[in-house]
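These notes are about the structure you will find just below.
Order of writing sets the labels: A, B, C and D. Residues in every chain begin at 1.
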Amino acid sequence: MFDIAILGAGRIGRIHARNVAAHPDLRLKYVTDPNGTAAGAVAAETGAAVADIDAVLSDEGVRGVIIASSTDLHLDQAARAIAAGKAVLCEKPLDMDLARAQAAAPALGGDVPLMLGFNRRFDPHFATLKSRLDAGAVGALETLQITSHDPAPPPVSYIKVSGGLFKDMAIHDFDMARWLLGEPVTEVYAAASCLVDPAIAAAGDVDTAKTILRTASGKLCVISNSRRSGYGYDQRIEAFGSRGLLRADNILESAVSTWGGSAGAPGIASDAFQNFFLDRYAEAYRREVAHFADILAGRAKPSVGYADGVAALALAEAAAQSVATGQAVRL
Amino acid sequence: MFDIAILGAGRIGRIHARNVAAHPDLRLKYVTDPNGTAAGAVAAETGAAVADIDAVLSDEGVRGVIIASSTDLHLDQAARAIAAGKAVLCEKPLDMDLARAQAAAPALGGDVPLMLGFNRRFDPHFATLKSRLDAGAVGALETLQITSHDPAPPPVSYIKVSGGLFKDMAIHDFDMARWLLGEPVTEVYAAASCLVDPAIAAAGDVDTAKTILRTASGKLCVISNSRRSGYGYDQRIEAFGSRGLLRADNILESAVSTWGGSAGAPGIASDAFQNFFLDRYAEAYRREVAHFADILAGRAKPSVGYADGVAALALAEAAAQSVATGQAVRL
Amino acid sequence: MFDIAILGAGRIGRIHARNVAAHPDLRLKYVTDPNGTAAGAVAAETGAAVADIDAVLSDEGVRGVIIASSTDLHLDQAARAIAAGKAVLCEKPLDMDLARAQAAAPALGGDVPLMLGFNRRFDPHFATLKSRLDAGAVGALETLQITSHDPAPPPVSYIKVSGGLFKDMAIHDFDMARWLLGEPVTEVYAAASCLVDPAIAAAGDVDTAKTILRTASGKLCVISNSRRSGYGYDQRIEAFGSRGLLRADNILESAVSTWGGSAGAPGIASDAFQNFFLDRYAEAYRREVAHFADILAGRAKPSVGYADGVAALALAEAAAQSVATGQAVRL
Amino acid sequence: MFDIAILGAGRIGRIHARNVAAHPDLRLKYVTDPNGTAAGAVAAETGAAVADIDAVLSDEGVRGVIIASSTDLHLDQAARAIAAGKAVLCEKPLDMDLARAQAAAPALGGDVPLMLGFNRRFDPHFATLKSRLDAGAVGALETLQITSHDPAPPPVSYIKVSGGLFKDMAIHDFDMARWLLGEPVTEVYAAASCLVDPAIAAAGDVDTAKTILRTASGKLCVISNSRRSGYGYDQRIEAFGSRGLLRADNILESAVSTWGGSAGAPGIASDAFQNFFLDRYAEAYRREVAHFADILAGRAKPSVGYADGVAALALAEAAAQSVATGQAVRL
């Protein structure tokens, strides 16, 4: 049984807190948050104590720290936790700034495990796709199509501090692309528009983008992003191999379809897609925490870590630069 | 090039007329109908002449006769055409009365080819299912599920002269069951209700039925019938074998689906099913006439004939008797 | 926090034990089993104590008892637990013998809650179908098609003591039919064969059956059962209403499909179906225990109880009688 | 009844010849081909006469000419036919060279109808998608995903004279993009590789490409091309609108699926995709010729013409230039 602290009691912190509390090998000892009410609510629900980060880091019983605070705190908190000898599970993105993230290498790239919270790698559907791809089910991977559209845009107030579509939203897709491509991306081209809400453009961001990644061996990946879909959360992958295609489709709320009737038309209406990431990736979040438990127990090394966080951020910056210059960016 | 006459210029007669006219080996020479306007319309469209049956049968150039007249005329017209040496393609059902149909054996069971118009055997989807079944794709056939629901009931005036749900509508399913089961049915049980329209009950008929057929070796078949679906024309088959299942699904009007948007709900809405038999079985009707051409050319024997018409009618009568008595009927 | 005892540490008992242990409002205090090794394993995994039934029933702290013992013990253990004032969650079937189950009414039909373990009612997919049906999504229910095929037959040694296909396997489908039909079944006809394995016939049982249920108002239900499918666990429902159809399809292991490649053919190969009931109904078992917790907390009455167990058993006996006599059975 | 001549008796010429012969308003009078055997075969099948182009163009009875010759002859033959007052249906691409195609404007852009053979516009599935899009079924179009992968590459000898992947294969997708986007493309970026066969690279071509198109209003379109799929002919479109998504999926050979059994795995295996363009677009070719008949009859103006051919070619050249320079190309 390993004692865990969670830094940050927001939406993601609460998810992790529940999954820690439910895991047989983990115990949630502390939760910290500048917002005492939020921290208190998580503490009440999970039996953890509210504490500040100093108390957490000086408690030698705490073996792991989950960093779910605001992005600007990630690097510093991770460095402090690692300095204190605590294994770290840090939410994405590592930071808003690639240079700062790279500069943290001495602090974060050492022997104390740092796992990065790219939850989609732990999704059972994408993990199935990855393992079949690796097993050669469709031969050698040639190209990828990643579709990642949100059901509806966040408030513009969030957009303004989000780091932009590429660092905030597409960062997951860049990591997914890297994971599946299996070799470094050497070139990035992104075309982007503001089609959903002019307020997003006014905030200096885009809401719709198509990005092409290219690797040294010529593998290609297209990422499609939109802040709004009109039909639910769209999270699909197609991996084209030399002998076939692997496809991960969206997940429906149930296997019930309606033919005619209230569906309003003849033909077949599926149930809705699982609406957003808290539903769609609920199992992924559980498996992510389980992997952290395995790391604490010495049963596993982090399958995704600091270097992955930096690399995804580099792709996000390259994509933003490509939009700004209108040209492809070599890495 | 074989000259053909069509007896009956109603809905089905017109379909056959067009398919004959479009077939490279066939020429539609005559069309007959008590309704001169209907006959004239078909003649105008296809270049055939309007004639009466005596003229048709006495024209030695006519090689084949398609009987698409009202059911009560089928046996007599078929007998006359065969006596005149014309190959016959006779619409289903052979007759409303099993005993009468059986009594026609001397006239209809001889050497002149008589093909029965069980169009569904010529549907490419069901034909694919049948050929895979015969090829052992799912091992030995054990049970069948045939779903056959119409989009909407016909007028009650039609119901009254239709011969009832089993002879009028389920007759196709009985033939399909016989074709796929590949051995004689020995027992029939049918449960039926009037749930769609009380006027159908007042007319002495049912509109909803579930029928179980059993063969000597113990294979089982369920047929589901309804005069109305609420979601379009439902024509599906599941063939359960010792090693798997073959399923023929409904045919959509197009491969276009709508996600959200005018579909009114998140999730995926398929296009509509092909609405009714003239659409759903358009290709089957074409292939049926092509098979008749093959028969005329001596390239084929009728794949479905008089004995099949009698056997399907026997099942329909047994099902009706089962409903009347509430008990299973042994054949 | 309610203390629970589980009687029976077999396959189902173990499932319940884990779900009780994971439920925030329940604590697994005791587990009993004539096989001490099995009881010990469950106790070790969950922190419960191994005990005998007398100790369990005399412990006033125990609020609920889950009966997962062999079927012949169900009625007696349920009666004893209820007499001791413990709420009961009893596995299906209630008993092998309808008369015995009915005779237990005085002991089991009283005020102490008895919930019957028809797990499929708690499956989220079937529950979605039920709630949409009740909400009128397809108008008035007219007919049902329930497909329930196992991936592979159990050992013949199990078949011999199972009570037969209808009481052992189809009992779930009879309960599902009753739940969805919403009115009493008045007539049962079943046709059955032994097509999977002659040893099953030698054991006096059948392995393949099609059953038709009819209600007083004329609603019809077909149940398709087979002990073996060749393609995985087949658990589907179609509910035909006056305005459309609701369909619950099988659940796939993942949303990943393979096109070509190792699927061995052009076209699309889905992932496998969830293989058997422990996978397919894992969430249903969790929700079943959660409902039991709600009952203990006074938040709910049993949604499925003694009367449902008797009624499903009556349908199973009627189906078996129909097979034996070859005729429909009126209830 | 309009007399038609077909220039070119290759694969596509033969398709058109059959569809002309089967159309009630058209008669195939002449077929020309430098290969007399090919011309003779088409003539024998359709009843046309073999002729040379001078004879065709000087026959005043000929109302329409279908140009299905080798690409280098398209512009010249079209100009001659139009000069002779014949309506023209010209196969794609208009020419291999954009400047030459543009220079033909005086000869081809006049009043005599010139229809360009972008067959996919006549595919009923894509036409359904287009009409729903135009009807606002998913709101305003924002982005497109066009997937267009061939089952297998052509011989390298063909590749060498094909004009390259963009002019030979993707030209269809550029036209489809233009048709659906409904506004001019202003920017093209293409990333391409040779992953299928090194001999294609040796021939100076690529076999795999991802192309992004951008319009002035910021709509984006991705085109995915590959010369080989491993799972059949892949022809899909996704149109993302402000309120939902329209998707056109691949067309299966039949609606029969195999569960287990010879499919070799549990789960569901669909039938194969229609294998290549002659199957997949058979109906599109029929409708294309029917549209030409409507033009001849004065019932329609060409829905796709010279300007569309030039514009698609311009996109193909821009894509090739983007691959060559590694940068986006402004139009």
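We adopt the following convention: a contact is a pair of C-beta atoms (placed from the backbone, for glycine too) under 8 Å apart; a residue touches a chain by one contact, two chains touch by 3 or more.
By chain, with names taken from UniProt: A, B, C, D = Myo-inositol 2-dehydrogenase/D-chiro-inositol 1-dehydrogenase.
Keep in mind it's a predicted model, so treat the numbers as computed, not measured.
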Any chance you could check whether B-C or A-B wins on number of contacting C-beta pairs? B-C
Farthest chain (mean CA position) relative to chain D: C
So the centre of each chain is just the mean of its C-alpha atoms; given that, what is the distance between chain B and chain C in Å? 41
Any idea how many Å lie between the Cα centroids of chain A and chain B? 57
So which stretches of chain D touch two or more other chains? 138-139, 229-231, 241, 243-245, 259-261, 263, 271
Mind listing the chain C positions that touch chain A in their complex? 22, 124-125, 128-129, 132, 136-139, 241, 243-251, 253-263, 271
Over in the complex, which chain C residues touch chain D? Could you list them? 151, 229-232, 252, 259-261, 263-273, 275
Taking the complex as given, what residues does chain D use to touch chain A? 138-139, 142-143, 145, 147, 149, 187, 189, 191-196, 208-210, 212, 214, 218-220, 222, 224, 226, 228-231, 234, 240-245, 326-328
